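For clarity, chains are labelled A, B, C, D and E in written order, and residue numbers in each chain start from 1.
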């Protein structure tokens, strides 16, 4: 259930794919290569609802309808030509197109004349792994474009609400749809940080019960890096939502602002939790260190007690194992038994000494 | 007397209760399920005082009286329908209702046309445990609504002052009542941080006297997490009170501002103490580490002294335990006694050496 | 010469003295109970000087004289009624009176129509201990009120200058007197931080020379907590002085501003020193840790050298102590001497090995 | 592939080259002494492209042509006279000339009447080492001057685009050329931080697998210092780009601002990565410390087990090696075998004890 | 070459020299007592240059000449009366005079009607030690006063430029002279931080090569404290220069602003280096700790290997040293040789075991 560190760490590709290329060049740098680009269109207003899928983005153009809101969802970014066609149709700036396919781009928001451009990251569970997916949105007056790296997302509940006209969503404009999608993304962050909280608790109890093994430190280190990386998705998104809240162009309706404020509360909550988990995880290493030291102390005590008791006794036995011709004690009949007595007394004194030192 | 970490940590529920639900949906996510919602109404002005309890929030509506201040206190958030009715009556925004029952919401303040919405956390002792309870307030011109998770709160002294007309409270408006309640909440924080201070002192003395046991590190780790969590309740509340102080709508009277400034002083004091305790607790781990190391040093010294003294002596004894046919010393009559002399001299030299090294 | 940690730590009382009481209620929460309240009045202008002491604050009222500056100094806060009478005479806000007797109040400044209210902390030596005393000032146009917890303060030099008309003080207004008092308070902080600097130096040298004992870590921990607490007195006072510098009501004369700026320089200097001492003390723990480890290393080396040399030799001796009937070496005449030779060679090889490893 | 710490650390020369010299004096303080200064001129507009190289900067003056953009690239800063001539021709301030050759100057931007002055650092791979080179730019309306320490840079792709008229670059003004160069510089930072990321991963796995050797800590320390130094190049550059984005003189065209915003995104991304790597590397030391302690624990366990088992057994053997005349057990025929039995039982008990303690 | 910690630490005197004195009283609190005050006057303009020294500050007054710039340099602050005379002549505020002789004053700048007052610290090498000297400047329209604690400073190159009319300095006004002096001060900081960089490198290599001795930790601790103290001189000076840059009274000419901006770059560079060195030095302690632990590990391994090999062998030898009457093996002729064989096999197994564990 661990995050794949690689996929998260390497926002920007290791290879020179984008280095030294012409600015504005579209190069997909992620790892989710897909041969085709899938288009999924939902066209709706309060009364009507229509859904349509295609593998050609050109099919999207016929859906432009002033009376309805249209949500174009594009899955698959590796086929840049399809995305370029869409970009040309909607007259998007080349740098926007570059950012849509550049999975290394951090969350951000840009205001344009007729639309908003939002970049964000989806973190969600799939087959027990956390997926980290680059997602971009273009929000216009009556349309919304979303660009995802691959099939599968966190928007199914929104689609269901659109289809069944549940809640307020069908009666609202494109900015509310954008809010609903961001809300879904942020809701899924809660699941991810809950998982981190679980892993911290597991580690805490492992530290005290388990046999010291290297993989605990490895897990702590991995958890550290996971938290640092999630932070990188969350903190810029917090700024994005904060700016959405204060936006004063006509694209964001006043009625939506309240909902965005709520979103802001949620993302602040997530940030705070991340900071707390961060401090807890950093503390785990110290905790582990003391656990090791305590164990070493115990080991040393056993050694010291055994050695301190038996080394002097062995010395005494060694004395009477000497072959001197004249050792008076050797000849006395009760020497052996007296010696046993002396050794038992030494043994008990030692025990008492260690007992008093609280080593036993 | 330890905080239940679980209940504090999991602000937001682990399960998917609220994930993917429609924004504005009311879902109680806390752990204090209660079948019924208890309504407690106090209606007062300088001359009159009336108190009334019910299990139906609808009973509240008849109390609206322009001349009097009415405090509606609702205990129990799991029955969302009752709260919804009240919300509809007072025309509260759906997102406010969501925040009232969402115990994961952090402290905040929101200004509306006719009322203020304040979210806060009560921390108080009950049966030796610290309870952490979500509390919301709606402050109108002549009414105050408070929503609590369960029975039992920190407001009994306010109720007593209202009933017996002690202090200024009966002659003041709803904003003063709000101040009085926040003051009670913050006063109880002092008790909680006093408890933390006690626990730090106990740990400090335990570190030096007690036998090293794992539960000390566990307690330190738990204390760390407790402090981090209390911080999360206190720091946003500090902002809330700071904003109250600067508020310029008519809801907060000038005469109340002085009191709120006093409140601000108190919450700043609490924050400072938390920061100090935080640094102290973080230092405890280092302290514990040195204590362990000091103990290990002592153990090692005992071992080293015992081994260094008796291993060479045993070797000497071993020499004369050899069975060579020709060992000249064996035949001499005083060999045994001379050897004892030599061994005692070695022993004393060793003692002197360790003494000079200050190991004894 | 150590600070009494308790008295500093527990700004706010542990008990419930002030919890749940009516805001504006005066409750003295400090530890310096005194049966009586001592009033000390100094009435002066450039030409005249009069001093008067009493145990009743009512005696103060006759001194109000437009032409002269009057400094009322009140010692003893536990008798709240006397202070209340004074507060009523000068029409002070109930919350000011609460802050005067609440020793938990942090340093602050409040501007009112006709006067300033300043809360500060005196840190000074008395009988080798550092006293931490709560002090409040009310600065009016031609009067100054100071409220202290007990007899004894840092103002004797100011009194002497007033009496003997030394310096500019007699020709100036109440705001200059306030500056002179704050200057005395801050000057005494220098003595306190000098003491901390001395203790750090003592600890540093103790670390390397002394026998490892637990009280060093205890002293470090205590010093940490002392620094954290002094910081809590100094940092808010820095803000207070900073605000005084920028104040633009008529109470602070322009000619005094330069002096307050100087005061600000001093308190900034103190803050900087505290931060440096803080870093040094935090570093001491690491230093101590390495010292312990170094000592352990030394212990282990002695053990290892002794054991490594004598265990193999004892083994060899043990070999020839065996009672096998046929051991050829036993019968040869020079075996014993050859064996000694071999053992001495082994011994020397070992010594050389440890020498090369720089363990000797 | 490690950074040369020296060359990066010593921004400012160790010797007194620039200390006490007259301000505005040009002194090259870097380590890349080159006898000659190489001038490389590219003169272009949408239709034309011309390239010219020389070793005299005076050859540059004839290229000033209002219709074309001219990029003068100067390699080699140790010959300050050539640079001075250029400076005089373009009427550059003496302090600019000083900064051009002072490789200790941190990245900065300065606005002048007719041109911008930008100082930056190139980090790039050459022969497996990272080179850190000081680069300055003067951006005028139709010309761009770049000053580098030595041959070789990261601008080849820009030159290729200029020559082959690929992308928008030939049709744009000098500010776009400046952007293209900064973009190349920042793109190469990605390669450097990727290398750091690789080295962290290598270290992490080395920590657990490799035999503890000192060079791991040395590598960690070196990596720390490398990160600190790269940070010093990146963070001021981030400010530079941020100021470029907000610049409102006519030198930066509106059409270029979008590209600069993109640049800002990239440099922010790099800064974030550096901060993450920083935290990871700082954590590595702790990790290494626990690894050492774990290994020591293992060593101690082996010793303790061996000693605890065989020291008591040796003692028993020693008992019956004593030469007392009367030891009853010696005479019994089965003593030897019974003793073996006892010793095996003791051995097994010990094994069981260590097994239960999980030391085996 | 180490800084004298004492002289730097005790900015403010330990004794009560300045505590409780009248504000504005001049008390020299430094350690550089000098019986006489040395006055050094340089009077110049573009054409003329005159230099004059005296031990009476009164000699300065005749040099006031509207057409020329006059630089009065005063060495020796312990004779406060001479300085007071000068102060009275130039009508300096008593608090300025106090700051001039109070070596505890931190760097600052104050604007007055006709002059600027700047306090700074000179750090420079003299006889291999770093001197830390308090220096104050009064910058008027055509005069500059500098006050130093003792003979010897960093201004010789400025004097030489004045005398020989090198650079622009003779043609400029007093503010440029001030810049030149500050530039000299800051240039010398570079030498000091270079020294710190050298000491860090030396320590780094010492850590790995040298025999663990206590003085390494002492040196690290001392270096820490040195860095903290230099920081205290540099950071406020950075603010001073920053404010100079933005100053808009007529005292600072526009032509000088560019030079001050350059100064600001330099001091920022120094601050950055200090922060880097700070992090490096803090890391050294961890590094040292791991080095100690590694060494301890090595020691323990030697012990464990020796003990694990020879203790069992000694036990076996002990077995056959027992004096039981019936031990069958004793009588067999080849027992001794077989036993040697067994012991060699055990020995080899042990070696193999430790080899596989990579302890050898």
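The rule is short, and it goes like this: a contact is a pair of C-beta atoms (placed from the backbone, for glycine too) under 8 Å apart; a residue touches a chain by one contact, two chains touch by 3 or more.
Bear in mind that the values here come from a model prediction, so they are computed numbers and not experimental data.
Note on connectivity: the fewest steps through touching chains from chain A to chain C is 2.
Listed by label, the chains that touch chain B and also chain C number zero. Although chain D and chain E share one sequence, what matters here is the overlap of their interface residues, and that overlap falls short of half of the numbers used.
Between chain C and chain D the centroid-to-centroid distance comes to 43 Å (mean Cα coordinates, whole Å). Per-chain CA centroids place chain C at a distance of 26 Å from chain E. Residues of chain B in contact with at least two other chains: 289, 293, 296, 300, 303, 307, 311, 314, 318, 321-323, 327.
Beginning the circuit at chain D and passing next to chain E, one meets the chains round the ring in the sequence D, E, C, B, A.
Put simply, chain C touches chain B in their complex at residues 9-12, 14, 16, 18-25, 93, 95, 98-99, 104-106, 108, 110, 211-212, 214, 217-218, 221, 224-225, 228-229, 232, 282, 285-286, 288-289, 292-293, 295-296, 299-300, 302-303, 306-307, 310-311, 313-314, 317-318, 320-323, 327, 329-331, 333-336, 339.
On the chain B side of its complex with chain C, the touching residues are 154, 156-157, 161, 166-169, 179-180, 183-184, 187-188, 190-191, 194, 197-198, 204, 208, 258-259, 261-262, 265, 268-269, 272-273, 276, 279-280, 283, 286-287, 289-291, 293-294, 296-297, 300-301, 303-304, 307-308, 311-312, 314-315, 318-319, 321-328, 358-359.
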